[in-house]
Amino acid sequence: MLEIEVNGKLLEVPDGATIMDATNQAGVYVPHFCYHKKLSIAANCRMCLVQVEKAPKPLPACATPVTNGMKVFTHSEQAVDAQKGVMEFLLINHPLDCPICDQGGECQLQDLAVGYGASGSRYEEPKRVVTDKNLGPLISTDMTRCIHCTRCVRFGQEIAGIMELGMIGRGEHAEIITFVGKTVDSELSGNVIDLCPVGALTSKPFRYTARTWELTRKASVSPHCGLGSNLTVQVKQNRVMRVLPRENEAINECWLSDKDRFSYEGLNSEQRLARPMLKRGGAWQEVEWQVALEHVANELKRIRDQHGGQAIGGLATPHQTLEELHLLQKFIRGLGSGNVDFRLRQSDFSTDGKLKGAPWLGMKIAEVGKLDRVLVVGSTLRKDHPLLAHRLRQATKRGTQLSVINPFDDDLLMRVAHKAIVAPAAMPDMLAQVLNAAARIKNAPLPEAVRSALERVTVSESAQRIAASLASGQNAAVFLGNLAQHHPHAGELHALAQELAAVTGARFGFLGEASNSVGGYIAGAVPFAGVPAGMNASLMLAQPRKAYLLLGVEAELDTHDPQQAVAALKSAELVVAMSPYQHRALEYAHVLLPVAPFTETAGTFINAEGTAQSFSGVVAPLGETRPAWKVLRVLGNLLGLAGFDHDSAEEVRREVLGAGADASGKLENRLSAIRLDALAPAQASGLQRIAEVPIYSTDAIVRRSRSLQQTRDAAPPVAWMNRALHERLGLREGDHVRVRQEGGEAVVPAAIDDRLPADCIRLAAARPETAALGAMFGTVGAERVAAQRRVAG
Amino acid sequence: MGLPVPPFATDLFGPEAIIMKGLNGLNWRISDYEARGGYQALRKILAEKIPPEQIVNEVKKSALRGRGGAGFPTGLKWSFMPRQFPGRKYLVCNSDEGEPGTFKDRDLLRYNPHIVIEGMIIAGYAMGTPVGYNYIHGEIWDIYERFEEALEEARAAGYLGKNILGSDFGFELYAHHGYGAYICGEETALLESLEGKKGLPRFKPPFPASYGLYGKPTTINNTETFAAVPWIILNGGEEFLNLGRPNNGGTKIFSVSGDVARPGNYEVRLGTPFEKLLEMAGGMKDGRKLKACIPGGSSMPVLPAHIMMETDMDYDSIAKAGSMLGSGAVIIMDETRCMVRCLLRLSYFYFEESCGQCTPCREGTGWLYRMVDRIERGRGKPEDFDVLNSVSDNIAGRTICALGDAAALPVKSFIKHFRGEFEYHMEHKNCLVPDYV
Amino acid sequence: MVLSPDALAKIDQAVTKYPPDQRQSAVMAALTIAQDEKGWLSTETMDFVAQYLGMPPIAVYEVASFYTMYDIKPVGKYKLAICTNLPCALQGANVAAEHLKNKLGIGFNETTADGLVTLREGECFGACGDAPVLLLNDKRMCCAMTPDKLDALLKDLT
């Protein structure tokens, strides 16, 4: 510890602290621009100059290490003189356009200029003008305002893991720019808007739509990935205008992914459903809630009476709130059916009944950054979990060894120590190899439960390396990503990962796909979690039901096998689509009920680490929209079901979690029993599809964010394959390929990715272009569509 | 290209030269150097197994001060290198000579490259650094190529590589070139540049001795500093010190440019009167009168003739006179020169060469340049003096590196000593003196 | 291939000067070699260098735009840079510069209509004793350039 005096006040700071650390600790504000607690120290703005006893010159607080007995004065004449001098320099070339600047009202330069600037300018020479840059659909630029603090550049290098912005030129001619003609494509790019202390980088979607002082700020929680990033939602006249991070060190720190930041545009989409609709005689009509709900209640009653409760199924997305999922399962079970599920993209449910709790991350989010060995199976980390990936990225910089098993080899923007890129069918075998090798390294007997399955496995070199890495850790973990959870042999992967963790002393977790992937289990929205038990999501669609209740579901985009899902729904007598949007359900539903998105209702998400985060609505529901939990409650009442008299979302939550709202006791990854006699064959015949869910296709809201849909990540799907397959199909550059699957087809451009395994076609799911196809993983046919004979669309 | 006509029969750099002794412009090869007693210092160290500490001590005794500009005691700098550091350490030679008026390192590398190589090898031995780089100004490409050639010679002769001259000491030396950035002369900008980045100076601390090239402990010295080392080893630090004055040991190469009859490099003992140096350079050109002199490179304050003529050429004397010895570049201006125009050209230089990372320098150098330009065009007003001085004060001492000071000092000193010329420009909208610059 | 095998061999040679995990250190050498071969550094060339050395393209662009001797826009077949800094100016550099401008009919940072010559104003080359100094195509230094010698030089530029 070091002793330091700040403005006469004595305090102790840890060794290695800077003056800025000390003043922060003392609660003394030192003006600054380039300093940011999460970025490396640049010390270039010179705004933080302070006086230090015995130092002949003022020193930058952000970069000067504290020495024992140091005396610092932040407001002395010397310090203020230096700060004022710097402020004057910053302003001479800064435009005087505050009245039209989006940063106005939240501009560090503006704020400090009031305190440190002179009233008139002594600068009479011509001012500099810098041309604006096109950084893409998310970030708007006014580069003349740039004060060269390089926060945005350091963010790319240090946090996002990709240097897209740089400062070219030098001296007064230096400017922030991307490489010639490139846009900023990082999935974390929006953070530079927050980082920019002036109005040089601002939000493009928000541009000129409101002044900050017109906005009210409300706390909320992101409904997208499993992190549950904390949000500040800014509202003007009952409309969400902008979303900013709400700092929470344990979850999102001070960051947001672009998805969390810009998806709000989808809340204001023209496709919002404002009134209940009913299909009568083949035509859609807007109706009163009363009429719609009575119709639903009557029809459900009729179907239950005619076909029994099991003829009814309830499907929800994992983006629904805990309260909604709870009432949905309670309602379905009240009707005498156990057919309820929220795991729409899962296809293997073999672990149902062996799960002892909700599968979860297995640790706190913050602990991910402290792991020293990590194996991730089936994940595009940075696209599936942008901020969790950021934590891992920082860890790999400190020496953490990351290994991956995945069917494709996208750049994760972090150091990958070992990888095994194998076809989907070979993933269980690869994981088994790693387990086999790890058991040998650890000199542990092969786990009894999987011994016979492992005996036939030959350990490859990459498996050996992954195992050795994992086994050498002090604080290791094995994670199953989204793709592993969607995998047709997810149960095998689960069992093997569990055993691998046990053998290597690693922890084991699931990278939760969605905001409420954990909450769905805890709400009991799974067929095995209550009485009666029933069918899982896949079975319900494979064996069509008479009636479906869809909560937030867009069947052709949210399910593992859209072709099957749409067919099942089309054959039903009643499909009730509860959604904020008017969507393709118009083709197969009978009733559309406008329910609130997360901003218009109170609710709770339980994130990947098991933390329950409740939030309130930030705006009133649009038009006739109602919170889904209320709609379900009224339906329960209409059908005379017991236990549907909650007065608030809190009451519903208490029913699930109890008063403490603590979910930790309900989390458990380990299966109660494992019995793997043989692994599914690692070799599949025919061409295999690999489908990931693109980052901006995951859920209904983000799919309607106009700006995100203009990013490169939202580009129309392409069929990727390795060169050998490309040649075998006779494809030439510019050609399209017709992919057939279970009678459906999609015609998409073909492209080469030589890192893909043999005989695989990578083609995204959750996209309208591929909605006619079948399962995300399965056998497909492919043929060339020559460039000129291309089928439109 | 052609060599300048030698003013002295054999010693191109003057009779007092020790570093540049015996050079005629052609005898730069290793055999010539060895014939002049080259590489004897290294041989002696390796043969006698002189302990590294002793070499550092000898350099300390010599009162050798850094020839790159700051004049920091070299022995002291060398003693900062962590001895017990387990990883790599680096040695770097700063030949990025770009300070206007300075051209001594170019001649050193052109006419006597092996003395720099030998000096670096000895330094590497003294500090336990197995690898060195010489960062050479990009504009002097032929010299870079010559240095590569000299390195080849040294390697072939067994002075570089593993087990030098059969000892267990090894040292590798490589040449790296710049490509047009004055700021890379600043030692930490130079390191960034060596790492393949923009030459942005680093904030210090940490100093290169603890966090240098690739984050490893590094010592950086000027070319001429290294070149003095072999002589010190062969003749003793004491002897070197005695050549000059206390605290100002040895000889120094001065680059004399501007309005003199024979611009060029002259190696003289520190403490030599300015008048004598001027004489060696052939005196004032065309018999005109001295008006002003910048004694240590463009970054240092200008001094008027009467002060200069009283001053001796060593660190302490020049400091007492109100300027600095700096890199030893002596820029001579005669009575026909307009001081406003002279300052304007320098201000433009710092504005052009600011790396731009820190606010006072990026914004302030432009401001200064534009104001001086306005005054030069006859659009200045008396209040401008205060603004110029205050802007200079707001830059100096508040930047990451000393380029900020370098931009501020000339402005303040030109105004201080030649205020009348600036006032004349403001009043008469033209120069006090005929327009020659 | 953007660069010739010869150029690549030179770059590979430069890379060996630095520790194996510091390929980026060779970027200045690589850009110099590329510019010698191509005349200037196009986006494509910089992209190639970035890939070759394992750097982000923008980091190469930063370097190429920071050091003044790299040309990220096309230049004439001959690039003449004349130092006009104070010591050179005192020794006749401005006279030489004016002479060049008049002879070529262009100003600084301009190229003759026939694309033959680009004129640049240089900052101190570290050769003030030999003023006026002029750099021809970055690498050839011409000393004591009086108007007569300039005329002779221009005559050779075809």
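The chains carry the letters A, B and C, assigned in the order they are written, with residues numbered from 1 in each.
Please note the rule applied: a residue touches a chain if its C-beta (ideal position, glycine included) is under 8 Å from a C-beta of that chain, and two chains touch if they have at least 3 such contacts.
Source: prediction; values computed, not measured.
If each chain is drawn as a node and touching chains are joined, the picture has every node linked to every other. Of all chains, the one whose mean C-alpha position sits at the greatest distance from that of subunit B is A. Counting C-beta pairs in contact across A-C and across A-B gives the higher total for A-B. Taking each chain's centre as the mean of its C-alpha atoms, subunit B lies 24 Å from subunit C.
A straight line joining the Cα centres of subunit A and subunit C is 48 Å long. Work out the mean CA point of subunit A and of subunit B, and you get 56 Å between them.
In subunit B, 181, 198, 352-353, 355 are the positions where the chain touches two or more neighbouring chains simultaneously.
For subunit A, residues that reach two or more other chains under the stated contact definition are 167, 169-170. Listed for subunit C are residues 59, 62, 66, each touching two or more other chains.
Against subunit C, in their complex, subunit B makes its touches with residues 1-2, 4, 88, 97-103, 105-107, 133, 137-142, 174-182, 193-199, 214, 255-259, 263-265, 298, 329, 331-333, 337, 342, 345-346, 349, 352-353, 355, 437.
Residue ranges of subunit C in contact with subunit A, taken from their complex: 43, 46-47, 56-59, 61-62, 65-66. Remark: subunit B residues 181, 183, 198, 203, 205, 351-360, 362-367, 370-371, 374, 387, 393-394, 397-400 touch subunit A in the complex.
In the complex of the two chains, the subunit A residues touching subunit B come out as 41-47, 49, 56-58, 60, 63, 65, 82, 85-86, 88-90, 92-93, 122-123, 125-126, 128, 147-148, 150, 167, 169-174. Residues 162-170, 177-182 of subunit A are the ones touching subunit C in the complex.
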